[in-house]
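Two complexes are shown next, each including subunit A; its partner changes from subunit B in the first to subunit C in the second.
Let's turn to the complex of A and B:
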């Protein structure tokens, strides 16, 4: 019974990883860009949501906001932040000098953004973990001895809906066609009339939306936010994405769930300290044995959707 | 020399050696985001030998360095099969696995860390940093260095020219691992304590940023990057409070000014990184820049038709 409970917890935790992993895989699949700001965007939504629900708008413009509204503002902030990141990272990925570390330029600037945003939040709100004033863990259902948190079930369905919506968007809409064309070949897409300057920011908007949503759901489900909350989730999501295959959305879904399950099972059987070895060992093994992951394509470097 | 400056020199020397350890793979076109893993291996190797067997310092540091180098050599074969984003992820995962293994091992003290009995003065890391710097400059001037540069600029063409690119990359990775291990060993003996939390993912990120911001084309780059970013916090420690009290007095706020948050220096490092990547992605110090300021006339100037 305890094991069953752990499996369920694993799936619930995995659903948070899934959302962030989908954000990672989308940027890699379309733009071939490992966006290290994603964990920060996740954290930003949670922390801004907390600050608004606890203190209200800055400069005492209002009292504490109701938590759903606060989280909505948090998500908007993370979308805006993501668009700012786009302005300074990807837009400058023009061939300046052709050598083999050139692809790292946006990656390195996203590391810069990670430092800036996370430390600004630290300066603003302190480094301590804060309790999020939402429904938290109170709403639980007891189904045959297994405890199910209602907000977690809701967020699981929300995550599934989002992923289905995203795949539909990529498959059938005009924007999605443009994105897939850019993933295939940016220059050819540009020549054939895809407005790269208009389409690329959409990837970053989706990234911000996904991360913001994941951060908001995390705040509600686990009732705690901190400036460091993105680091752990972000690295686990990267592991999930690699296991599923870079650039594959359903791969990220499966990979995120696998990482969540492995984490809970390792805690159950071996204790909390071994989680790091298990998750990262899995990642390293995947990279050595099957770099394309479960669903990824064989083309290294260039991900395809 | 005061203890304050001795401490800064020690950190500076360790950071320079560490930066060269990451520079070598990066100079062959392999981004290594697992620096902390190699540093941890060197540090824990030295700490363990010193604490458990009481071996003399040169032996402990040497063995720690050798273990890190051998690990780099062994791991380079599967690791360098991957490239681009995959290589970054694989090196990152490597560091996390090393950290996780040490955290779970009772031999190495787990989360408690290890205390290191033997202490070394600031002379030792500084001497080591000078030797390493000279070594890397020499290395870059040899044929090996030339092929490293060639592999960085264009792998395919270098391969066509009959250079075994893979062995060059593996060698650079292994030597880099050994240097990072040396930095770790010096760290262990300078601070007399190692704990795995001080070799986290952020350390790998910082050292890679030092190297990339300094410039990867010449051996001057890591030296400049590591020096600048080690001294920056020290400079900010005096500048920031002055700046803040200046702003406060302009705004007419009276009384004691609280010291600014320590996190500002990371904000500045991040902002500098973003700005550098926008305006000068090849790093601060480039080959053309060295040629322009060098003693010998630039080839372009001499060879140009009149």
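Let's turn to the complex of A and C:
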């Protein structure tokens, strides 16, 4: 019974990893760029959501906001932050100082944004973890001895819906075709009139949305947020993405779930200290045995969405 | 004049790839640009489509100044480039590739224009939902041309379309170029297959090291073999099969 409970918890935790891993894989698949600000965007939604639900708007403009509204604002902040990162790192630095194949510059500048934003939040709210005033424990069902929290079930379905929506967008919409064209051959896309300046912000917007949503789900489901909450989730999501296959959305889904399950199972059988070894051991094993990941194509690189 | 180019310069850092090129294409013409490897033919076409920013010079289509326009704006005004090496999207289906040719459009005629391309290329119609990667080289070239055609452009620019095709496909390709021209599309054709290109063209330009060294009617260029051979490095009818360095 306890094992079943842990499996369920693993899937729930995995669904947070899935959302962040999908954000990572989207940027890699389309822009061939590992966006280091992703963990910060995740944290921003949680921390802003907490601040609004606990304190209310800055400068005492309002009392504490209801938690769903607070989290919605947190998600919007995360989207806006992501677009700012696009505007000032990816686009600016790339067009000014890099050529179109230069990836070190956006990588390093996104790392810079990670540190600056994370520390700004620390300065603003302190480094301590905070209890998120979310839905109470009364929203828990006991199904044959297994505890199922309703917010978790709702978020699981939300994640599934979003991934399905995203795959549909990529596969069947004009924007999706534009994104895939840029992913495979930016030059040919450009010649046909796909404007990178218009399409790339869409990737960053989706990134902000996914990370914000994951941060909100995390706050609701685990009831705790902190300025460093993105670090662990971010690295695990990267592990999940690599296991699933870089640039593959369903790979990120599967990889994220696998990492969540492994984490819960290792805690169950061996204790919390072994989690990192198990997760990163799995990642290294994947790189040795099947470097393209479970769903990846046999070439590592771009154009796989 | 449909396309009018004046004093076009393209530079990549220190490389001066196109040097003060004046070139024009009248409505209904097939104009060919010939030149050896590295002469600057691809750079010229890419500058015309807006993929590289020219250092100086003007480009206008039907009197409309396009030198500073985005590739998207040039596509919208009726210019389409079939790039060197085809550049189709192999991870997409044939149909999705054709849809990329009308990426900017959302009017009601899109479906009809796509069907028109399938009518012209039955091979593509049969493979509509297959990945473009399964197509043969010739079919991939048809797809690249089809992709340029869906948007019903006024001017199609083709960059060495015969490169790497079998002789049978090469002659079908040149038939197609003539056919497209008869249907009212003006054509700017870059080729190393001098004989075939001059056969279908009305006029031709010869580029050497980025500069236009000869400009004449196709008939005159065809008879002036000594001159063309001097600049084209002995380019002749076998070049489609023997030239390499397309990606140079």
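Heads up, the rule we're going with is that the second predicted complex is superposed on the first by the 290 of 305 C-alpha atoms of A that agree within 3 Å, B and C clash if a C-alpha of one lies under 4 Å from a C-alpha of the other, contacts with A are read in each partner's own complex, and residues count from 1 in each chain.
Following the convention adopted for this analysis, a residue touches a chain if its C-beta (ideal position, glycine included) is under 8 Å from a C-beta of that chain, and two chains touch if they have at least 3 such contacts.
Since we're looking at a predicted model, the values are computed, not measured.
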When the two structures are laid over each other on subunit A, do subunit B and subunit C clash or fit? fit
Going by the contact rule set out at the top, does A:44 touch subunit B (first), subunit C (second), both, or neither? neither
Between subunit B and subunit C, whom does A:53 touch in the aligned arrangement: first, second, both, or neither? neither
Subunit B, subunit C and vertex subunit A (Cα centres) - angle in steps of 10°: 90
After superposition on the shared chain, which partner residues are touched by A:277: those of subunit B (first), subunit C (second), both, or neither? first
Touching partner for A:65 - first (subunit B), second (subunit C), both, neither: neither
Looking at A:105, would you say it contacts subunit B, subunit C, both, or neither? Reply first, second, both or neither. first
A:192 contacts which: subunit B (first), subunit C (second), both, neither? second
Subunit B versus subunit C - smallest C-alpha distance in the overlay, whole Å: 14
Dual-contact residues of subunit A, meaning touching subunit B and subunit C, are none
Listed in rising order, the residues of subunit C that touch subunit A in the complex are 46, 49, 51, 70-72, 74-76, 81, 83, 87-92, 96, 99-101, 103-104, 106, 147
State the interface residues of subunit A toward subunit B in the complex, per the touch definition above. 28, 32, 34, 88-89, 92, 96-109, 111-120, 122-123, 231, 235, 238-239, 242, 246, 273-277, 280-281, 283-284, 287-288, 291, 300-301
Given the complex, residues on subunit A that touch subunit C span 174, 177-178, 180-181, 183-185, 187-195, 303-304
Which of the residues in subunit B end up touching subunit A in this complex? 26, 29, 31, 78, 81-86, 88-90, 92-94, 96-97, 99-101, 103-104, 110-111, 151-155, 201, 205, 208-209, 212, 216, 261, 263-264, 266-267, 269-274, 277-278, 281-282
